[in-house]
Amino acid sequence: MRLYLSFILLLPLLGGIVNTVAGRLLPRRLAEWLACTAVAASFGFALAAFLSYRTPVTVELFRWLTAFDFQAPVALYYDPLAAVMCLMVTFVSTLIHVYSVAYMAEEEDYARFFALLNLFVFAMLTLVLAENLPLLYLGWEGVGFCSYALIGFWYRDEKNATAGRKAFIVTRIGDFAFGIAVIWLFRMCGTISITQINGMGTAVPAGAITLLGLLFLVGAMGKSAQVPLMVWLPDAMAGPTPVSALIHAATMVTAGVYLLARMFPLIGSSATALAAIAVTGGVTAFYAATCALAQRDLKRALAYSTISQIGYMVLGVGCGAVTAATFHLLVHAFFKALLFLGAGCVIAAMHHEQDIFRMGGLARRLPLTFWPFLAGSACLAGFPFTGGFFSKDSILAAAWLKGGALYGSLYLLGMVTALLTAIYTFRLVYLVFAGPPLTVPPPLMGTPTPTLPHQGGGSIEAPRLMEAMLIPLALLGLCGGVLNLPAYLGEGWLAGFLAPVPGDGNMEASSGLEMVLQGIAGVVALIGLAIAHVRYSGERRARLIEAAVGPPSAMVAFFQNGWYVDALYRFLFVRPYEALARFFWTRVDEGVVDDSLDRFAALLGATGQGLGRWTNGRVSVYILSLAAGAALLLAYLAWVVL
Amino acid sequence: MIVPLAHVLILAGIIFALGLACVIAWRTNVIMMLIGIEIMLNAAMLVAVGGSRLWGATDGQVFALMIMAMTSAEVSLALALVVYLHRRKKTVNADEFDSMKG
Amino acid sequence: MSAADLWAVVPLLILSCGSLLILLQGAVVPGRYGTAIGVVATLVATLWACQPPVAPTAPVLGIATTPFARFFTAVLALTATAVLLLSHHYNRHREITGEEYPATVLFATFGMAIVASAVNLLTLFLGLEALTFAFYILVAIDRNRPASGEAGLKYLLLGAISAAFVGFGIALIYTGTGTLGIAQAMQGSLTAGNGNPIALAGWGFLLTGLAFKISLVPAHLWTPDVYEGGPAPVIAFLSTASKVATIALLLLLLPAARGALFLHLPLWWLALLSMTVGNLAALLQKNIKRMLAYSAIGQMGYVTLALLSGNGGGYEAAAFYAVAYTGMNLLAFGSVASLSRGGEVNIAEDYRGFGFTRPFAGGILALAMLALAGIPPTAGFVGKFLIFAAALRSGEVSLAIVGILSAAVSIYFYLQVAVNLYLQPVETPSDHNPASLPETATLGLAAVIVVFLGVFPAPFLDLIAGILP
Amino acid sequence: MPAEMLLTVLIFLPLAGCLLLVPVWNRPHLSRPLALGVAFLELALAGWLYAAAPPAAPGGTPLPGFFLWADHPWIGRFGIRYTLGLDGLSLAMVLLTAFITAVAMVVSWRAITERVTLHYFLILFMETGIMGVFLSLDLFLFYLFWEVMLIPMFLLIGIWGHGRRIYSAVKFFLYTLAGSLLMLLAIIGLYLIHGAASGVDTFALPALVHTPIAPATALWLFAAFLLAFAIKVPVFPLHTWLPDAHTDAPTAGSVILAALLLKTGAYGLIRIGIPVFPEAARTLTPLLYALGVIGIVYGSWVAFAQTDMKRLVAYSSVGHMGFVVLGIAAWTPVSVSGSVIQMVNHGITTGALFALVGILDERAHTREIAAFGGLWGQVPLYAFFFFLFSLASLGLPGLNNFVGEFLVLTGVFRASPTAACLAFTGIVVTLVYMLRLMQEVLFVTERSPMPLADLTPREGAVLAVLALVAITLGVYPAPLLDLVREPVALLTAATGGTP
Amino acid sequence: MEQIIFYILAAIIVIATLFAITERHTVHAIVYLVTSFFALAVIFYLLGAPLVAVFEVIIYAGAIMVLFLFVIMMLDLGHPEKVSSPGWRDWWPATLLGGVLLAATVLLLTVPHAGPAGGGAIGVRDFARALFRQYGIAVEVISMQLLFALVGALYLGRRR
């Protein structure tokens, strides 16, 4: 097991290092091959580890941070949660690596891309496998860094670099809370080993648990783009599409959920913390769904959808349904990766056009992309018997089961969101794939785009290699439900496998209730499809596209801009920060601190010159001064004696 | 003692103060300043002699004599310097020698 | 007067006879061997003073060859040697020929040696006046620069007034105590209960006069003018030896009056004012000699602080500092003399790039500045350390703090010289007329001493502890 | 050679190297390699000492925790001794010093064209001073070295600096010296108090540690020590000499200043300040916390507004050293270990960043951030290293700075959660300005008007070594942590620090 | 009798000195001063120091004052209108400082304290013995100083 785990981590790391150091010097094929092989082999080892898994193991590789009682070795912990995450991460990564070979075929800086991608996989796996919180933090920050570097991969465009920067900063605000939680735990528990901490849940005071839960939640907010720290994810779409698929859909963004699931045995005992988590998840799910409704950019729409779906997962954790959340995490990883990769195919085929209002009729021209995309959409929308259906439903069921006004309203919110999800998903499908191919390009608002690449006989096709990668994902997404079938359909494998995770909510709904709930969910999804069909098919679609030329209505603009949260933050935080930085520098640092010194020095100098003027060259003054001194001295002596 | 020592000393103090006042006031004339210094030194001599008388010891008188000798040396050099400078600047005003200051 | 007595006064005889010899040979072969004779005489006097006396000494004719006296005689005579060596080339360039110069230097040294050896106030007074008198001549000796004469006049006028003060003071002390013997007079004047008011008044006058000699505020005003006007080697002598002699004088007087409370406050104020005024006024000085003058005022403030803290080892500190200060100021004015051989170079800007074009003299000047600023490993640092240690030991905390702060301020102007030497663009072309051999040797030796005292002060400190009364 | 001679050799080898330079004063092609050779020799000696250091100091020695020491009388009348000692803490600093000095020499290999020998002379001279500070156990000796190291730095900034170099050099010198002069008074005061209490006049640190001092007096003395050390560190609001000095110093000067001189302040606080005055330190701990936090947040915040790269890195130093101060203030074993690690790491990272900025300045003759852009495409190798060290600077786990910062925060949290939480914001504000720097310099479009050459093999090699060290310390800091473990344990235990 | 003479002489000294220092004409001032010195010499005599009294007359009133006169004549300073004399602005600080100094001194000097009642007069023999036995070096110093006064004056007086 030690060997497996080491290699799972080591291979992507090695791949990353080799590509970093020597990638430029290697032949292109070799570099690509190296990156893909490293991840694929890592997947192989993950599989091997999974197959040979018997009981949770801890493997200590070497000492890392060791100072007195603070011991944070590089130690790995392999348990069911880690196992499924490992499998998912390595599997999706492998597919996306291969996909990237085709997608980045024209990119010259391939070495950097694959190095970062490999490093990302390494960091993600470290996060997943970490036995102690600092190591988890290492992976956590590592993925953040890779995300930053990959979002800004096309660094020449300022927009991309800024987006990367924003992502890094916003997620680090979450890390700030996470970090505090870590050191606080060390203070209370005297250890930062996750297993040990989880084992001493009762020893920690309840108030502290609540606070810790909130801190972890804030950490998760940052990484998983939850309200209010969600602003970075839509912008992160500036990165290459495989990056969006891997990092910003399948793996990294779910790290927050993973963290909460990991620490659930500790924080699960605080109802307040759970409620906060649930509310965050529910609100985020709803918020992002509304935003997704209005997006014009294909990838941004998917990004909002990702935020929304992670909201579900967080809601799941908040409802105590860690298994359900994990389940949704896995399934979502598959179908969202699928959707992004499909979108990547579309974008590649459209020669980097991302505005859905300027697409159409691609179903016939890109059939190999269309069908997997449709499958992914079905999952996303929660069509009955797709993977997404089961996973999302188990979360909603958990919310329902939790009961009470809060969770009840969260259930309702989840349902509404599910409806919205179905609507925006099929809005995308209709706008992108249905209808006739656009002939007259409506000028995009404000931005002149003179020619459309896919006109004039431009080939519209995606590389086969890329499309090939969609199929396994589509299959997994559609059939993901079998991983954890509801009780009435058989034994839930995942629930059984994850059962050793302590503290999981073990509320078993009766089959009947569960069937009812799933029926409602299925109906809601179908209603959503119907609405989408009514709004976005045929004539209405064409009219909508025409209407999109003009400025959007206030409502649409509101949603399109993510409720203007970005603007709000810029006004509240960014601007004051920049202004204060200048203020501190010029007014405080140079103006007060430094200037007061200079002034003091000048004062001393002036005093000195004044004293120098005493020596005015006239002997009489000198004598006077001496005599005055003598007079004073004698007067003093006389005074003393008398 | 013919008079109380204090009276001798007060007389010396007055002479000294007059000498000092002379030095301070006569900044326009180096020669008068030197005269003031001579007056001050005379006061010192008076004290020494008075002390000598008080203690019945010779030291004070020797001291007075030495002051006198020293003064004569000093005065001769001082006057030489005055002459030397007068040759250059045509003045004995002490305050006019202020080319260096600050 | 026995042979042993004669033996003991030999250094004084050497100095006085050397001086006369110079005058005499000047009459025969003008301006040839003056410096040589002077150097030989001072060196021999130094060596003689260094060797222990053949017999236990009793006061002879008003002087005593105590270890204290021999130590200071050696230091002062050696300083005179250095000054003679330093001034040789300087004077030649200034047309200060003639035998007056070396003879007067020897005479001054003679006066200083008298001060250091004195056992009674009269000898002390005369020695002090003799050395001051010699400096009247020396300061005014450069007849090519009007400033020299003017400086001489200023020094003379104030010197004469201070002589009157000192004389009046000593006379009063004598009247109060009935003796001119230093030890008895001091005990009679200061330690006897509420003191002897007459002697106390005498101390008031005496202190005023001495404040002038070591340029303490408010009797300091002559210093910048005289330093600026006088020839650099003379000022090197004036700023070192005359101060050392005066400090030696105070070291003779004050320890004998241990526990004198009346002088505490006056000395306190003198120290305070000198440290602050001197260092502040030097801050923006453009003229390096004036700057050094103000710096000397500040430095003497430190010495006063040491004298004030006699109970805590301040006298040793003062003695050490006096010697260290001699070394440092010799370096400073010696290098100034060396650098301004071709004409007075006083303005700070004139020193630009000298660190590179005149590496030796420039380096020496920089070293002197560091030492004066009290930066280790130089004698200046050890000296300051001793002084502040003594001050704190005797409870002068506030004065020590003021002193250390003023020392911090003083670093600026010392540094300014280094800035001009090394950091400013080189404006003058490289000078292919390096320092002369005597200069090099003297400055080099002084530099070695200054650094050596900074690194291995222990033997020297032991020596000083042994000689103090 | 007796073992104790090793320490003396360690200190004075560079000085001997200075003397060796004199005969080849006007032949830079000889003096340069000669100086570098001496630096390497010193590095080898330090490395050998590390290799030869026993895992635990021998017990039952007069100086617990020290594996090497030398002790000779020096100025007997005042009980001043020439006492040197090497423990893990010193060794860590000695290694850093030897390493960074060599790096500084290589980095400025071609940058200095005038008065080359003097430049190397001064660097070696300074090395002696810094080594002395890290090895002295006699406060008098410590002070001596403390001041000796100022002069060469003053000249380095003043002679080869840029911009307002004279102003900066003078400011640096005055500022640091003014602080240390008060420390001199405090040293003397401590010596006198100890002498009065025990009857033994000594400046020996191990003896002075146990001096009983009246609380009020201790507070004043500690304040004086603190002032000197805080100026050197530097701690807000005593930091303003630093941006000027760093910005105007030549590359080697900036590297040494940031990597070594700042460390002496923190080292003094760890070695002297707090052990000697534990009570006073405890009284002032809230102040130290506040200043540490302000240093972190404020320094980073101001760094964000900078337009000059060197200035930005200089302000980043203020931020990073804030962590060191914080760790020392908390005085828990973990936090102090963290501070020491952070000192080393800051030395490596900021040293490298200054070297990088210096290399850029050498080519483009400007350090304005606005003058550059898109260096990633232009000079990939350079950009890579810049990127790497920026990441290290912003505290990316897996790189060196993270280790120290995290340990500091962990340790501080035990003593003061509030301070730790406030300091944790530092990781965000640090990120903000570093990302800005990286983005504006490395990314976006190419703005620099002139073609820039990528790193030469020499520069590449030295940066690669630095990078290797940075990564090694980030991934496997255990040897370093082990090295400082025992001294930190002894120091904190002696003053009753909370475990 | 001696007492009365003393006070009379004291009055003469003070008045003469006062005239001397306030006299605009330098030559007149010298004359006043000589008067004062003569009176002082008598006081010296009264105080049992005949030798000092004699020297006071010979050296001070004689040689030194004549030297002054000589220089005044040489520099042609005998015209008060040529040299500005101190005005009120010069006198008040002088008076003030002199007054304070005097007041303080007098206060100190008149504090009663234990001291000898007064010794007898000193003979010339005693004087000479003390001079050459106890203060032999002092004589040497003074002689050297006088020599250098000569040297200095010659040096400064030498025309180039």
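Going by the order they are written in, the chains are A, B, C, D and E; count residues from 1 in each one.
Definition applied: contacts are C-beta pairs under 8 Å (C-beta built on N, C-alpha and C of every residue); 3 or more make two chains touch, one makes a residue touch a chain.
What you are looking at is a predicted structure, and each value in this text was computed from that prediction instead of being measured.
Visitor: Within the chain touch network, how many edges lie on the shortest path between chain C and chain D?
Guide: Minimal hop count between chain C and chain D: 1.
Visitor: Both chain A and chain E are touched by which chains?
Guide: For chain A paired with chain E, the chains in contact with each are B, C, in label order.
Visitor: Tell me which has more C-beta contacts between its two chains, B-C or C-E.
Guide: Between B-C and C-E, the larger count of C-beta pairs in contact belongs to B-C.
Visitor: Work out the mean Cα position per chain and let me know which chain is farthest from chain C.
Guide: Max centre-to-centre separation from chain C belongs to A.
Visitor: Which chain has its C-alpha centre closest to the mean of all protein C-alpha atoms shown?
Guide: D
Visitor: Please flag the chain sitting at the greatest distance from chain E, going by CA centroids.
Guide: Relative to chain E, the chain with the farthest C-alpha centre is A.
Visitor: Using mean C-alpha positions as chain centres, tell me how far chain B is from chain D in Å, no decimals.
Guide: Each chain's C-alpha centroid was found; their separation is 64 Å.
Visitor: Could you put a whole-Å number on the gap between the CA centroids of chain A and chain D?
Guide: Here chain A and chain D have centroids separated by 37 Å.
Visitor: Nearest whole angstrom, what separates the Cα centre of chain D from the Cα centre of chain E?
Guide: Computed from C-alpha means, the inter-chain centre distance equals 70 Å.
Visitor: Compute the distance, rounded to whole Å, between the mean C-alpha positions of chain A and chain B.
Guide: 96
Visitor: Chain C: which residues touch two or more other chains?
Guide: 120, 122, 126, 129, 133, 136-137, 140, 149, 153-154, 157, 161, 165, 172, 176, 178, 197-198, 200-201, 204, 224-225, 285, 412
Visitor: Residues of chain E touching 2+ other chains?
Guide: 93, 97-98, 101, 104-105, 108-109, 111, 115-116, 134-135, 138, 142, 145, 148-149, 152, 156
Visitor: Spell out, as numbers or ranges, the residues of chain D touching 2 or more other chains.
Guide: Within chain D, no residue contacts more than one other chain.
Visitor: Would you mind giving me the full set of chain pairs in touch?
Guide: A-B, A-C, A-D, A-E, B-C, B-E, C-D, C-E
Visitor: Would you mind writing out the residues of chain A in touch with chain C in their complex?
Guide: It is residues 601, 604-605, 607-609, 611-612, 614-615, 617, 619, 621-623, 625-626, 628-630, 633-634, 636-638, 640-641 of chain A that touch chain C.
Visitor: Can you list the chain E residues touching chain B in their complex?
Guide: Per the touch definition, chain E meets chain B at residues 2-3, 6-7, 10, 13-14, 17-18, 20-21, 26, 29-30, 33, 36-37, 40, 43-44, 46-49, 51-52, 55-56, 59-60, 63-64, 67-68, 71-72, 74-75, 77, 83-86, 90-91, 93-95, 97-99, 101-102, 105-106, 109-110, 115-122, 126-127, 129-131, 134-135, 138, 142, 145-146, 148-150, 152-153, 156-157.
Visitor: Any idea which chain A residues touch chain D in the complex?
Guide: 24, 62-70, 134, 137-138, 141-142, 145, 148, 152, 155-158, 161-162, 165, 168-169, 172-173, 175-176, 179-180, 182-184, 186-187, 577-578, 580-582, 584-586, 588-590, 593-594, 597
Visitor: Across the complex, what residues on chain C touch chain A?
Guide: 153-154, 157-158, 161-162, 165, 194-195, 197, 200-201, 203-205, 207-208, 211-212, 217-219, 221-222, 224-225, 262, 265-266, 277, 279-285, 294, 409, 412
Visitor: Over in the complex, which chain B residues touch chain C? Could you list them?
Guide: Per the touch definition, chain B meets chain C at residues 5, 9, 12, 16, 19-20, 23, 30, 33-34, 37, 40-41, 43-45, 47-48, 50-51, 54-55, 57, 59-60, 62-64, 66-67, 70, 73-74, 77-78, 81-82, 84-85, 88-89, 94, 97, 99-102.
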